[in-house]
Amino acid sequence: MNHPDAPARRLLLNCDMGESFGPWTMGMDEQVMPLVDMANVACGFHASDPVTMTRTVALAKAAGTRIGAHPSYPDLAGFGRRSMQCSHDEIVALVQYQTGALAGICQSRGMALSYVKPHGALYNDMMRDPAVLRAVLAGVAGYDRTLPLMVLASADNRQVEEIAAEAGVTLMFEAFADRAYGSDGLLLPRSEPGAVYSNPASILAQSLSLAHDGVVSARDGSLMKLMPDTLCVHGDNPASVAVIQQIRTALDQLYGES
Amino acid sequence: MNHPDAPARRLLLNCDMGESFGPWTMGMDEQVMPLVDMANVACGFHASDPVTMTRTVALAKAAGTRIGAHPSYPDLAGFGRRSMQCSHDEIVALVQYQTGALAGICQSRGMALSYVKPHGALYNDMMRDPAVLRAVLAGVAGYDRTLPLMVLASADNRQVEEIAAEAGVTLMFEAFADRAYGSDGLLLPRSEPGAVYSNPASILAQSLSLAHDGVVSARDGSLMKLMPDTLCVHGDNPASVAVIQQIRTALDQLYGES
Amino acid sequence: MNHPDAPARRLLLNCDMGESFGPWTMGMDEQVMPLVDMANVACGFHASDPVTMTRTVALAKAAGTRIGAHPSYPDLAGFGRRSMQCSHDEIVALVQYQTGALAGICQSRGMALSYVKPHGALYNDMMRDPAVLRAVLAGVAGYDRTLPLMVLASADNRQVEEIAAEAGVTLMFEAFADRAYGSDGLLLPRSEPGAVYSNPASILAQSLSLAHDGVVSARDGSLMKLMPDTLCVHGDNPASVAVIQQIRTALDQLYGES
Amino acid sequence: MNHPDAPARRLLLNCDMGESFGPWTMGMDEQVMPLVDMANVACGFHASDPVTMTRTVALAKAAGTRIGAHPSYPDLAGFGRRSMQCSHDEIVALVQYQTGALAGICQSRGMALSYVKPHGALYNDMMRDPAVLRAVLAGVAGYDRTLPLMVLASADNRQVEEIAAEAGVTLMFEAFADRAYGSDGLLLPRSEPGAVYSNPASILAQSLSLAHDGVVSARDGSLMKLMPDTLCVHGDNPASVAVIQQIRTALDQLYGES
């Protein structure tokens, strides 16, 4: 039963998962998986490998966490963070290849994919270049038109919504718990001082503001209505896992769950 | 309608396809695709890439050719021909990753996978090492127990059949049109002189003997009953494509098709 | 002995070589190697592998052709033709890694490197973005300040020359035998119709004009003085190899060699 | 000045270094580098990338540690621990490529390579298969006959010494600080219980026994004279770094250094 004051919209937590590769470990997936609602699972192009994907899907299954494909440009050494000048057809095909590969691993564990969220530079390129967004959407739509695509919530999502509607793909909007926003409703670039919050109190406050009212305070103090469907959190070290735990507890209280 | 003398069993032609990679072309897929019944499509680990796979699946769809996943050890520079000491879990996962990736590309073109045939060293290892065979079967069974696994037909298939039965996976047996067989019912190693036929007449004769009677002549003249479901052909150059065309024509006549 | 009318400057032919990879063949290196003065040898990031590099260096040694490192962004599937957003340090390191790798193969055959020429998108990025040029130069200068860097000759090379002088690196300028030039002295983009010559007569004419006078005719008929040190030719098929043979013969006559 | 009781032979410490890859960290190189005499630096085939290699070489330079090339089979996801069926020519070429690549990075920092030590499965294959050893030696000899090759010291090194003599390559012999030896003078396989020591006291005791007398106690209590030139240590976590520090201090005392 929901808490009487609970907001109609329930903010889901999503987190990048399965970003280990071969002998190298990244993230604290075992700790984080039970705390989040949605796991963005790397598909082998910026991180992960078939064995790691298998292990990650098993963790998600055990925790009851939804699985999303987290496709990337093909760039392991650069962790998918370097923009690559890929053609429309290349982007369509790399989305479908990676999504299918993860779906194959999921199917082998009796699981199914719930959504697609591009990773790193592909995500950034998609948000600033309509041609890249169209290619990602064509990839998703061709693969399975019922899979939603996760994109960045901004103060005005109309252009993105129009392009997605043309492709017949549903969107999920995400906001960030630990990133500062400019007054234009966009994320401040990581290079700016203060763009990434490390202070747990700030991360928690922004999360709660988004959960309660769908709102963030921009750097200049103005309030921005983002109304996200989901909140992206990061859990690379014990401190950040502790913050996710706090956000989880706060959301559970808000939504009347124990 | 079948030809009155047509054998009950219909021998299908299979061929490795989609083995180009990035800017490099291999095979004459456009010419070969309409001549064969089954395309073993590379999945990106020994050859191919997402765009090439998309193109290959489109060719198969246009030709009405069935598509099989052709997974390999992860070894592009070695074309999957170098045996790698992979663990059970690694083989399971690489089969499921590659099969899923190709299935994703197929699904995006309204196609579905019909079977799995391991490539190169993984195929050879599977035929000589029951542990590798069990891992491949576990990969296929976990992914989709209704997908048959293609294996090498030999004079005595009982061990392979028992292991497959344990995994609950159906087998398809294949013979080779252009390889010499030893009196033990196995392929002569490629290193032996005469192990690979280049003479079109020999290739055609062996194909027809297998189609009519399910039989090959071993090197020592003895006849061996292989009763394959499918015949593997190769089409890398104009001469070998011409041989496939001759085999196709002969089989169509045999089965009463024009 | 030089021909009495021979120009003081001797135009050297350079060609991209060793662009096969694993089982895939590209180029007609055996035919082309004896015809050119300089082989730009792929180093494993956009093409080639250690065995192919070994074979290519042996061909160059047998033909008496100078060897240059041809480093690239790390992008085999894209053949190094996709621009990647690499940092200064990443470009420095990838130039030094690839140059060293090829130097290692050369040293093992008693050969040495003579120059460096970046490949594909790295070459293009270097010509239009001074930050990329500085990174490439820092890579070369750190590795061996006496190795010249090959760059594109344009009507006005002053900016490039200044940046190279700061790094203490010598430049070699190249022109293209088979590309159309705009009136700004730059190559027409490949996407424009007529940007790449396929007509042997045009390729030969542009080569001879550059050899005799250091000049090309731009599309609008204006003449541009490029004064290149070397001419880039391509030999992917029998027709283009025949053109290289014609250019070779013409240059040998011009320089009084038989 | 050497301690009066110092052994004539000075045991050098070697450690695998630079095994991070892209965004993934492995090892505690900054802590370990000043404690060891020789750094076996990964060359990009089982770990590392050009930027990581640059950073590792800078660490070695700052610490005055000798640098050795640590080439591997091409297998990032498997960390070079999976045996691959490579041909003689493939092994020669991959040794020379990787050694050259690291030498290129070294040269760019005013450093030079001091030795070669194969990694993982290539090392194990070399010790049990004379054909692989011959290929590795041919790679080193072709590249630079004055670079020593590091191999495993056993109770009887004659076969290895004969093969190295044929190739004209000098050997360095290493023993392991943290591995149990069988009575045959070989390392116990990792799969056997107790094969890898985790107890700091055992690691220190074996190190000191090797430093003082060149001897290890086999599992059955028998003593074996290995007389190694160098001792391989591992520093993946704070505890193992502390053990290296203890070994370093003990060796420094033994050799009369402070």
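Letters A, B, C and D mark the chains in the order given here, with residues in each chain numbered from 1 onward.
We take it that a contact is a pair of C-beta atoms (placed from the backbone, for glycine too) under 8 Å apart; a residue touches a chain by one contact, two chains touch by 3 or more.
Just so it is clear, the model here is predicted, and its values are computed rather than measured.
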Contact distance in steps, from chain B to chain D: 1
Partner chains shared by chain A and chain C (touch criterion as defined above): B, D
Centre-of-Cα separation between chain B and chain A, whole angstrom: 40
Chain A and chain D: spacing of chain centres that average the CA atoms, whole Å: 42
Contacts with two or more other chains, residues of chain D listed in rising order: 49, 77-78, 90
Chain D residues within the chain B interface of the complex: 74-75, 77-78, 82-86, 90, 121
Touch list for chain D against partner chain A, complex: 20-26, 47, 49, 76-79
Residue ranges of chain B touching chain A (in the complex, touch as defined): 44, 49-51, 53-54, 89-90, 92-94, 96-105, 107-109, 139, 142-144
